[in-house]
Structure formats: C-alpha cells, structure tokens
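Some structures are shown below for you to check.
Same chain, two partners: chain A is paired with chain B first, then with chain C.
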Partner chain A sequence: MSPASPAMNLDFSAIAPVAIVAMGAMAVLVLEVFLARMRSLSEFHVSVALALVATLALVLALGTAGQAFLQGTSSVFNADNPMLRLDRFSAFATVVVGIGALLSVWMSMQYLIELRINHGEHYALLLISTAGMMVLVAAVDILTVFLGLEILSLPIYVLAGFDRRKTTSNEAAMKYFLVGTFATALLLYGTALLYGTTGETGLDGIRAAFPSDNPLALAGLGLVVVGLAFKVSAAPFHQWTPDVYEGAPTSVTGFMSVTVKAAAFAALLRFAGGDVEPAAENLGRILWGIALLSMVLGNITAVVQDNVKRMLAWSAVAHAGYVLVGFTAGAPGHGAVLFYLAAYLFANLGAFAVIVALADRGRDQDRIESFAGLARRRPGMAALMTLFLLSLAGLPGTVGFIAKFQIFSVAVRAEELSLAIVAVLTTVVSFYYYLRVPVWMYMRDPGETPPRAGLDTPEAAVLSACAIAVLLLGFFPNGGFPVPVLQDATVLAWAHEAAAALR
Partner chain B sequence: MITVEHVLALSGLLFAIGALGALTRRNLIVILMCIELMLNAVNLAFVGFARAWGDLGGQVVVLMVIAVAAGSVAVGLGIVIALFRNRDSVNIEDVSLLKW
Partner chain C sequence: MDGVVVGALDGSLLGWVTLLPLATALLLGATGRRLPEAVWKVGALAGSTATFGLALLLWSGFDATRTGYQFVERTAWLPQYGIHWFVGIDGISLLLVLLTTFLLPLTLLGAWNEVRRSVRSFVFHMLALETGMIGAFVSLNLFQFYLFWEVMLVPMYFIIGVWGGPGRVQAALKFFLYTVLGSLFMLIAMLVVYDLHLQQFAVPNLDLVQVAGGAPGLLDTMVPRSGEAPWWRTQTWLFAAFALAFAIKVPMVPLHTWLPDAHVEAPTAGSVVLAGVLLKMGTYGFVRFALPLFPDAAVAFAPWILGLALVGILYGSLVAMVQSDVKKLIAYSSVAHLGFVMLGMFAFNVEGLEGSVLQMVNHGLSTGALFLLVGMLYERRHTREIAEFGGIAKPMPVYATLFGIALFASIGLPALNGFVGELLILVGAFAADARFAVPAVFGVVLAAAYMLWMYRRVFFGPVENPENRGLIDLDVRERFVLVALVVPMFWIGLHPRPFLSLLHAPVAELVQAVERGSAASTVAAERPDGAAAVRDGAAGSAR
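Right after this comes the complex of A and B.
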C-alpha cells in the first residue's frame, strides 16, 4: 500500500452495490421507528413496508452489479491503492448473495410474526450483512477482506440469537460468535504474516511477491485458509455448524447457509485464484485434505440425524467439500465453483423455506417425525421439499446435477481421480438421507397434530421462485428457454466468464 | 535495538496465549478477553511489520482492527447478557442444549 496521492482517483461505481444496500439498511432502521408508532398499521403491513424498502435496495444493487457484469467493465475503488474491485467475478458473486438476501427477506416475513420476534431490525441486519458480503467478494486488499468478513459476520451473530427468549437461539448465537471471532483472529494473524513476508497489503501484490520458500508466508496462507474454512463450515472446522443451524431461527439459517458460504468461497477464490500463484501447490494440498474430510464426514454424519435442520447442516459441510473439489482442479474448476454456489443457493434456500413455511404454533416443526404424511396434508409442500432435496442430492433434471457434474468432470480432467471417486461415492450415500424425508412425507401416516393451514403469499412466491430456478437451471443451464429474458440467461457460461476475470 | 523478530516473537506468544485461553477457559467473559488478546497480538504484528517495511498500510489495518474489535465486543457482550438472562450463568458448560 503506497501513501495516497492528494488527488485521489475515486471510482464510486465500484462500491455502488455496497453503498446502495448499506443505505437501504439505514432506511429500514429509520422507517421502522416511524411505522411502529402508527397504530393503524398491522404488524404484517409494517413488515411488508420494510421488506419493500429492502427489496428496492437489493434490486437496485443487483441491477448495478448485473449491468457491470454484462458490460464486462472492471472498476476499482481508488485506483492508486486498490481496495475493492467490481469486475465480472465480484459482480457475479454480488448477484448470488443479493438474490439470496432478497429471497430471505420475503421468506422470513410471516415466520417472524409466527415466532413473535417480528422486529424491523431483522431486515436492517440482513441488509448490513449482505453489504458486508458484497465488500468481501469485491475485496482486493487484506484490509477490505477483514472489513467485509466482519461486516458480514457481526449482524449474523445477532440474527442467530434473534429469538432471544429461546435458550437454543441464545446458544446458537454464542457458539457462532465465539467460533466466528476465533476464526477471524486466525485469518487476521495469517494476513499479518502475509503482510510481514511480502510488505504488501494488496492481494495482487502479495501474490506477486509471495516467497513460497518462507515458512512464515506459508503459515500465513494456511491461517487464512483455516479462517475462511471456518466460515464455509468445511471439516475439520465445522463443529459449530449443526448447533448453530439448529438453534438459529430457520429463516436466518437459510440465509446464512447459502450467502455466507458463497461470499467466503468467493474470498477464498480471490486468494487462490489466478495462475501466477507460487503458493498454488501448497494451497492445493491443504484444500485437498479439507475437501476429502468434509465430504466424508458431512455425508456420513448426516445419515444419522433426526432433525431436518441438523441434517441440512451436515449436508452443508458435505457441500463445502464438493465446492473445494473444484478448487483443487485449479483455474478450470473456479467457474464450476461459482456455478455450484449459485445452484446451492436455490436448492438449499428452498429447502429451508419449506421448513420456514411449516413452522407452527410459534416453533419450528423440524423433527423428521413432523414430516410424516405431509404429502397427504400439504401435497404441494411435500413435492417442493422433494424437489429441493433431490437437487441437493444431484438428481438429473435439477440444477444440483449440473453443478455436481461440472465439479466432478473438472476433477477428473485435473486427474484428481481419488477425490472424484470419493465425491461420487459420498453422493450416493447422500441420496439415503435426502430421500429419507420424502419417505416420511409420502409413506407414513400423518400424526395427530393438524398443521398450520395456509401458505402465505410471500412464502409461496419464494418457494416457487426457488423451484423454478432449480428446474430451469437444471434443464437450461445455458439459456435457450423460449421466454424472452430467459432465452439469453446463460448462467453456466456466465459463471465461467466470471471466473476468468480472476486471472 | 528491537528488531522485527522481537516483535514477531512477542506477538506470536500473545496470540498463542490468547488461542490457548479461548480453547481451554470455561467462562464466557474470559474467552472474550482471550479473543481480544489474539486480536491485539495481530495488531502488534502489523505495527512491527509496518515499521520494518517502512510502510503505512499495516498501521491503517491496525486502526481498522481496533475499531471493528470494539464493535465485535459489543455484540459478544450483548449475546452474553441475553444468555445470562435466560440461564443465570456465563459458564460455557451450561450452554449445551444443542448436541448431535
């Protein structure tokens, strides 16, 4: 980092998505105070108003990022001293986390009322966290990597404990906070070592000057990887995952399971990406072990879970492993990683949205027994849950298949055969626990308890959006669906173009 | 003469003490303090390296870390209070409802 010149060369278009989302968060906070005083408005209407503001901010940010992506421009915030870079890579990742946040906003509305934790701060925290993710995915300096990571994490610690009267929610927040800050400290120490051995804070500078024979530099890189591995819940840094996923309110779990993972993997790609990486070999070896352990441990432990949220948490560990397989394949794998993150977003968020929509009498109905006979009581919900779980498992016709196929084929092409074989075998195992839920839903008799009657419009919208995305990307990953806008939605090609911007 | 090796050794030691404390202590407040110790070890390393390279970048990072650490302590203590209200305990062993 060189001292800034007096006439700073600031390009604000690089931080436009972040700024818009952050301002949206402030607007939600202020608006909530005013709306809460108006007695004539019902709780639901206040939520709708806040969600609309959040939606406006997110849509504007998505539009800016999407435009930057389609134009292929690369704008850097502060060209003298690059901090954030909005190129095709960060634009793609920004759109992924933005869509995740948008779906989470609408998914959580009725759920918060059902759980009696409907405070407007929820939407503000969600937006602040999203802004942090957008900082992290665009970060090209260790300073912004750290800032982005903390801005995304702190609101999520609060959101995990949002149901503050429930001890499980307190506990989830506490565990996530302790593990998360510990991981941040590890990552920071790693960046300090990288800075010490290269004299650079910019990621490009660090990469160019990386002394691969210096043990301190290697330790620094290792600590950074460990810090980010905590965030993406890759084994052996996953112990917090099931507890936090189970204890946090389900809408929050859905949000963090997809967006935090996407943002942290994007940051890892920034560290690992580029083909002039002297440390690539060492990094590859660490990631190889983490990938293997995550796939095996995640898939096997998920088999014995009786709580669906917990099962999805262990499946999240497993999916972190699959994504890391893409990392070991080097540059061709990076596009596959980005597509996997997009695919995982819709399938996993959809599965959590079903659990959200099934919440009844102020609590989650997340035990596997409460899914018994769901197909008879709520056939639509049962069908959607089956679709999302099959996509997570990777059944052909769903987006999960395309994503997994991409990952496996780049692993084979990179001659990571043992890793590819483990990936395929663990996928077979995963069908067992994913299909267990449909078995309960379709082949068991419903229990005594009558379920919550209707499905609310926002929840229905989120569920159908996820389902359409899962099927559409499953059949037309490269566009061609005969509808004007979707015709050109070549998401798979976009993911590879985004990854190419890393180099 | 204090060299960068001295600074690095001290910061490494502080970081190790903090990490060990965070992993072994049972009181939530003490764990929070240990994590703060780790962050301060990071600050020390950054300042030492910044001096060795004659570069301001590391010192800017330290200022940011100090600011963010304050925010993260606020969130952490808030969570501890929420927990204490429901449990009357700040011992981590009493926080074990969720198990696989």
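Right after this comes the complex of A and C.
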C-alpha cells in the first residue's frame, strides 16, 4: 500500500452493506435515548420506531448486496491489500444473513414487551452483530475473518443474557461467552500458525502456499476450523449449544441459530473454497469426521429432549452435520451448502417464531407439554409449527427437502456413500423427534393453559413470510411460480452461481 | 423396456384427476370455519365423486391396444435437475387410479357419522391423501413420485394419530417412521441411478421414460450388474434399496409389523384407504420402478421374494386365525393377500403379473368393504371382539349377506373377483416354480378356514349376548356404499375381460423386459467375456 495516495484504491461499494447496517445500529442507539424520554409514547410505539430504523438499514443493505449479486460485480475495498471482497458469494451470504436479521427484528418486538425486557439496545446489538456477520462473509483475509467473528460474537453474548432477571439467560450468556472466547482464542492461535508457516494473511495466499507436510500448518488449519466449528455448533464443539439456545430469549436464539451459522459456514466455505488444493484436501478430511459426529450426536440426543428450544438446539447440531456433508463433496457441494443455509434460515427461524408467538405471561411456553392440544386452541400456530418442523426434517414439498436432496445428491456424486447413509439413517431419527411436537399439538388434549390473546401483526408477518418461503422454495426453488417477481427468483441457481464465485 | 418413447402429449385430464381432490380441500380450507361441517362433508363427497367421474373419462378415452403411456403431460419444473411434472398412465396405473377414485367417495360416505370431532380437518386430510395417492400412481418422474409418496404420509399420519383408537399415537409414529426409513434409502438409490444416467448421457434426467424429442429416460440407463462399478452402484444394491421401501409398504414379512397396529388403531376410513390403496403403493412400486429399472437384480432376488411372499401367505393366515378382534383378523389377512400379489408378480409371466395387478384391485375392493363393514358394526356395538357377537345374522340379515359376499370375494370363491386374481396368480406361479406354488394353495385353504370360522362365530348360532338383540340393520346410506362395492366384485368375477384387457399391453412389455434381464444374466454366467464387454461399455461411459 503506497501511503502517497491512500484514497485512490478504496472502493466503498465493497463495504456498503456493512457500513449501512453499522450506521443503522448507531442511529438506533441515538434514537432510543431521545424516544425513551418522550413520555407520550407507549412502549410499543418506541419499539416500532426503532424497528423501523433497523428495518430501513437492513433493507438498504439487502438492496445493495442484492444489486451487487444481480450485477455480478466483484469489488474489493482496498485493491492493494484485499481484506473484504463483495463478490457474488459474499453478496448471497449477506442477503441470507440480512433476511435473518430482518425477520428477527420483527419477531422480537412484541416478545420483548411480553418478557418485560424491551430495551432499545436490543436492536442496536442485533444490527452490530449483523454487521459483523457481513464482514465475516466478505472476509478474504484471515485478519478480517477474526475481526468479523468478534464483531458478530460480542453483541450476541450480551443478547443471550438479555433477560437478565432470568438465571438461565445469565447462564447462557456466561457459558457462551466463556466457550466463545476460548474458540476465538483457538482461531487466533491457528491464524498465527498459518501466518507463521505460509507468510501470508490473505486466504488465497494461504491456500496457495499451504505446506501440507508441515505439522504446524496442519495444526493451524485445524485450529481455525475448530474456532469456526464452535460457531456453527458442530460436534464435538457443540456443548454450549443446548444451554445457550434454551436460556437465551427465544427471539435471540432464533436469530443466532440461523445467522451465526450461515455467516460462520460462509467463512468456512471461503476457507475451503476453490479447487482441490493441499489445504482443501486436508480440510475435507477434518470436516468428514465432524460431519459424521454432528449428525449422529445431534439427532440422537435430540430424541430425548423435553424442551422444544433444547430439541431445536440439538437439531441445530445435526443440521451443522448435514451442511458439512456438502463440504466433503468439494466444489459441487458448495452451492448445495449455500442453499441449505437459506433453507434452514426460513424453517428454523419459523419454528422459533412460533415459540416466540406462544410466549405467555412473561415467559416462554417451550416445554413440550405446553404444546398439548395446541391444534385445538390455536390451529394456525399448530399447522405452522408442523410445517416448519417437517421442513427441518426434510419432507418433500418443503424447502428442507430440496436442501437435503441437494446435499445427498452431491454426496452420492462424490462417492461419499457412508456419509449419505448416515445422513439417511439420522434423518429417520430426526423425523421421530420432530413429529413428537405434532403428536402433542394434535393428538393430546390441551392442559389448563388458557390461550394468549391473538397474534400480533409483526409476528404474523414473520410467520407468514417464513411459511411462504418454506412452501414456495419447496415447490419452486428455481423460480417459475407464476407471479411477476417470484417468476425470476431462481434461488437454487443463485446459490450455485454464488458458490462459483469462490473459484 | 428400453426404447419406450412416449409420443404426443395429450391434454390435461390426468392432471385434473390428480389435483382435483387437493383443489377441493384447499377451496374448502379457504373458507376457514365459516361453513358448517355438513357442508364440508358434502363438498368433499362432491369433489371426490367428480374425481371419479374424471377417472371414468380417462377409462373411456383409454386405448388398451396401445403400448406405452397415455394421457401424458409433461412440463418443466426443475429442468436443470431433470425434474419435470410428468404424468401418464398405462393399464396398470389406470386400474389403480380407478380403484382409488372409486374407494374415496365411498369411504367418505361410509364413515359419514364415524368422525365427530374436527370433521373439517379430517375431510381435508382425506382429500389431500387422495391427491397424494393418485399422484404416486400417475407419476413418471422419479422425483415427483417420491414427492407424492412421502407427502401422502402426512395426512395418513394425522388420520391415524388424531382420529384413531387408544394406541393411535404409537401406531401413527410407527407407520410414519417405518415408511420413511425405507423411502430414504430409495431416495439415495434414486440419486445413484440419476448419477449413472448423468454420466452416461450427460443430460440430467429423472424421467422414467423418454418423451419424443427429449432426453433418454432412466429406463435407458445401463445399470451395472456387478464387478466394475463400486458395489453400491450395481443393480443388486439399488434394487435392494428400492425393494426395501416397497416391501415395507406392501408389507412383506418380516417388515409387516407396523400394519396390524396401524390398521387396528386407524379409524374406519383410515383402514379402508390404508388397506384399499396405500398397500398397493408398494406392489405398484415394484411393478413400475423396481422391476423395469433393475431386471437382472429382480430375477436374482426372485427366489428370496417368492419365499418371503409364501411366508407372508402362510404366516399371515395362521396369525389371522387366532385373532379375537375382527379388524385385526382382516389386517393379517391383508398380509396374506399381499403375499399372493407378490407371488404372482415375481413369477414373471403374463398370467402371474396380470393376476397380481388384478388382485391389487380385488384386495382393495374386498378388504375395503370388510373394513367398512367392521366399522359399521363397531359404530353400533363399540366392540370388535368376536366373542361379543354370535347369531347377529338374525337381527341384521342384510348386513350378514353383504358381509358374506365381501368375505367370499376375499376368500376367492368362483364368480367373485378374488377367484380370478388368485387363479391367475397360482397358474403363473405354477408355470414359474411349483415349489412356491404348491404351498401357496394351502394359503387359499387357510383363508377359507379363518374367514368362515370367524363368520360362523359372529353371525350364526343363537343370539346369546342380549346387547346383540337390538342391533339395527343397515340404513340406506350404508346399503348404498356396500352395494356399490359389491357390484364390481361380481363384475370382475363374472366378466373380467374389460379389466384384464387393460393389462395385456403393459404386462407383456414388463415380461419382455424381465426376460431380457434374465437372458442377459444367463449370458453373463455362460460367457463371462461377453458380459464383461457389456459391463465395460457401461463402466466406460460411466467414468
């Protein structure tokens, strides 16, 4: 980098989504201070105002990233020293993360009031974390990977403990923080080893210069993978997941379960990306084992859970395993991975949104018994929950099936039959625990719990958006639905085009 | 069956038949809870009757002399993965579509008063189920078939689990998980075949057969027999994966254990559809997919499958004999009857296969009627224990007569439909392998034994239980449903030609395909070099 003309090579369009979301976070913080003083405004109205600001920021960021994707341009913030690159890959991942954040904002409005933890910082923290994710998915240098990971993690530690009167929420925050920092430390150590052995910090440079016979380089690679595996809650680095998912406020759980996973997997894809290289080959071997373990452990442990949030936490471990199957298949699997992340976004966020909408009298109704007879009390909610859970299980007709179909398909093509068979067997197990919830909702009589009055508009919007996405992408993953915009929404092809940008 | 090329696409009638029940359900669903339950029932009855009407139109427009598929529709869906909306019927699927669309309105009518709670959602599930079943019978794209095959589970799961008996939850889960286990292995096998096809033709395609001017179908794929390819890309294992999915659904012993639970716990309407149509998914899957895709492996597996079919016949009959619950008895009799269907199918000759397909229809009619009859008795007495009854032919003469006809049809009495089917199956089985055919004859005898013994204990003798004295005979609605079911039993029994003529063309084709398969494996055994050359060709293009 020549100090004489520092501004010459800067391309701000590469960081536009990140910058917009970060500025939105600042705006929310400032606005909250003023609005909180206005006695004439009700709590709900303050929430609406803050959520609208957050929405504006996210929609603008989504628009920028979406445009960058459709134009197919690739821009680097600083061409002399590439740190962030907004190409089709990062644009796609940015959109996934952004949609997750947007839905989370809307789903948390009423929920925070219900839990009496309605502080404006929630939206600011959510946006900062989202900005961190957008850095992470665009990172092409190991330092920006670290930076993005930290920016996304710190707000989530706070958000996990947002319900500060609740012990489990505090426990969740503490646990996530301790384990998370440990993971970050490992990642940082791995970074140091990689830099030490290759002399590069850029991901492309590291991949090119990777000395696969050097144990230190292999250790460095392994440590970086471990650091990211913590974030995607892949076994055996998943131990924090059930407690944190259960303890954190449900809207936060929903947010982190889909977006953190998407962002960290995107970073891992950047790492693994490209054609067969020494680094990619070694990486594949590590990920093979992690995939197997995650599928088996996640699915089997989920069977015995009596708390739906906890069950979804174990299912998150399992899904990390399915995504990793896509990694072991090499380049053709990367598009499948990206599509899987988008599919998981809608189904999983939808399931959490149902739990959010069922929160009653200041707390979650997340025990499986509290779902008893839900079909009679609130048939719509029961039907939606069933839809989201069946999509997570991968029933045809939902987006979850298309995602699994792709993953199985690339596994078969890559001759990874053992993984495919494990994936199939564990999927059968997953049907069992996902179907347990409909059993309670439809086949058992309701307890004494009186229903919470109706559904709030923002929650209804989130639920219907997720349900429409699950069904629409289940039947028309590649556009063709005879409605003007949806006609051309070739999401499946987009995922594969985005993955092609890795090469 | 390579070289099967579908000709012109003709109309959208078949699509309408498939989707009309679902459309009815969605239309009713769109009204929410505004309409009274009675309107839902009438609407569903009207929708499913109209579907049957359309199916009759299919029959009248069907040209039995033509080979290949008719009423074909094909539209791009996910063409880059070879996935199309691709439907079409031959005689086999036509018969099963007729059976499905015929049974559904009768089932709804027969169970008119049985379901009392959440009637709207029950009706919705029944209609969705109908679309699922028809869709599976008419799909010519493997992806689409899999979609219908799996989606069908959800309404059935709810029908058993919500409206069933005391053990309904376990029964519903067992039913679902069993089927999913098999079908996911089938999915993997499907993907392997798809991959082989892609390697050989470089065009992604999941269509079973080629459409004029389009890419070759999956049937044109050369699936390695053994040796060169990795073991799981060979016919043996691919057939095994498909067969597992279908055998669970049939169900073949020892994979039948979900069936008694599901049948007994399901409400009457659920049992009728389950026995009448859903079980045929398995046998149909063999005929349509497993046999033509992997003929060599099918021939190789035939002794095993024939053996299991025979075990199913004898074991199912013996277990049926000791049941104290009428419904459970009929459930086990299904295991035996489906054993006959499999026996005829794997005889691999024209008689056996025609009998097998006809017997699928026969079983749907007679067992469907029997389940309806048991349900009608249960509505009156709230028990199905044989010991609770005795001499009820006196208060219910019409009921006893109709029960008798359905029962004799099930046993296979001449002049009724079961006779034609079982006779053809046994003729076919004798021609193929007498070792399996001779013991199967005992199955017929056993069927007569357990059915007649049950009939005697329930209907004849003195009326000892005072509760049975006041039993009211069938009303007009019930009579109508049962007579409607009895008419085709006599029709097929006395004049099976119109039905059998539908089967000549597709069965002849299937027999040819399997013969080619067995001829090829004989050649492979005699002339290893020649077979290896064929395999090399396949493996060469596979690389």
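Criterion: the second predicted complex is superposed on the first by the 494 of 503 C-alpha atoms of A that agree within 3 Å, B and C clash if a C-alpha of one lies under 4 Å from a C-alpha of the other, contacts with A are read in each partner's own complex, and residues count from 1 in each chain.
Here is the rule we use: a residue touches a chain if its C-beta (ideal position, glycine included) is under 8 Å from a C-beta of that chain, and two chains touch if they have at least 3 such contacts.
Here the structure is a predicted model, which is why all the values come from computation and not from measurement.
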Ask   = After lining up the shared chain so the two structures overlap, which partner does A:432 touch, if you call chain B first and chain C second: first, second, both or neither?
value = second
Just chain B (first), just chain C (second), both, or neither: which does A:208 touch? neither
Checklist entry - Which partner does A:185 contact after superposing on A: first (chain B), second (chain C), both, neither? => result first
- [ ] Answer with first, second, both or neither: which of chain B and chain C does A:167 touch in the superposed model?
- [x] first
In this superposition, the partner of chain A with more touched residues, chain B or chain C, is B
Residue overlap on chain A between the chain B interface and the chain C interface none
Given the complex, residues on chain C that touch chain A span 76-78, 80, 118, 121, 143, 146-147, 150-151, 154, 157-158, 161-162, 168-169, 172-173, 176-177, 180-181, 184-185, 187-188, 191-192, 194-195, 230, 232
Interface with chain C, chain A side, in the complex: residues 375, 379, 390, 395-397, 401, 405, 408-409, 412-413, 415, 417, 420-421, 424-425, 427-428, 431-432, 435, 438-439, 442-444, 477-478, 480, 492-493
Residue set of chain B touching chain A in the complex reads 4, 8, 11, 15, 18-19, 22, 28, 31, 35, 38-39, 41-42, 45-46, 48-49, 52-53, 55-58, 60-61, 64-65, 68, 71-72, 75-76, 78-80, 82-83, 86-87, 95-100
Touching chain B in the complex, chain A uses residues 1, 3, 142-143, 146-147, 150, 154, 157-158, 161, 164-165, 167-168, 170-175, 177-178, 181-182, 184-186, 188-189, 191-193, 195-196, 199-201, 242-243, 246-247, 301, 305, 310
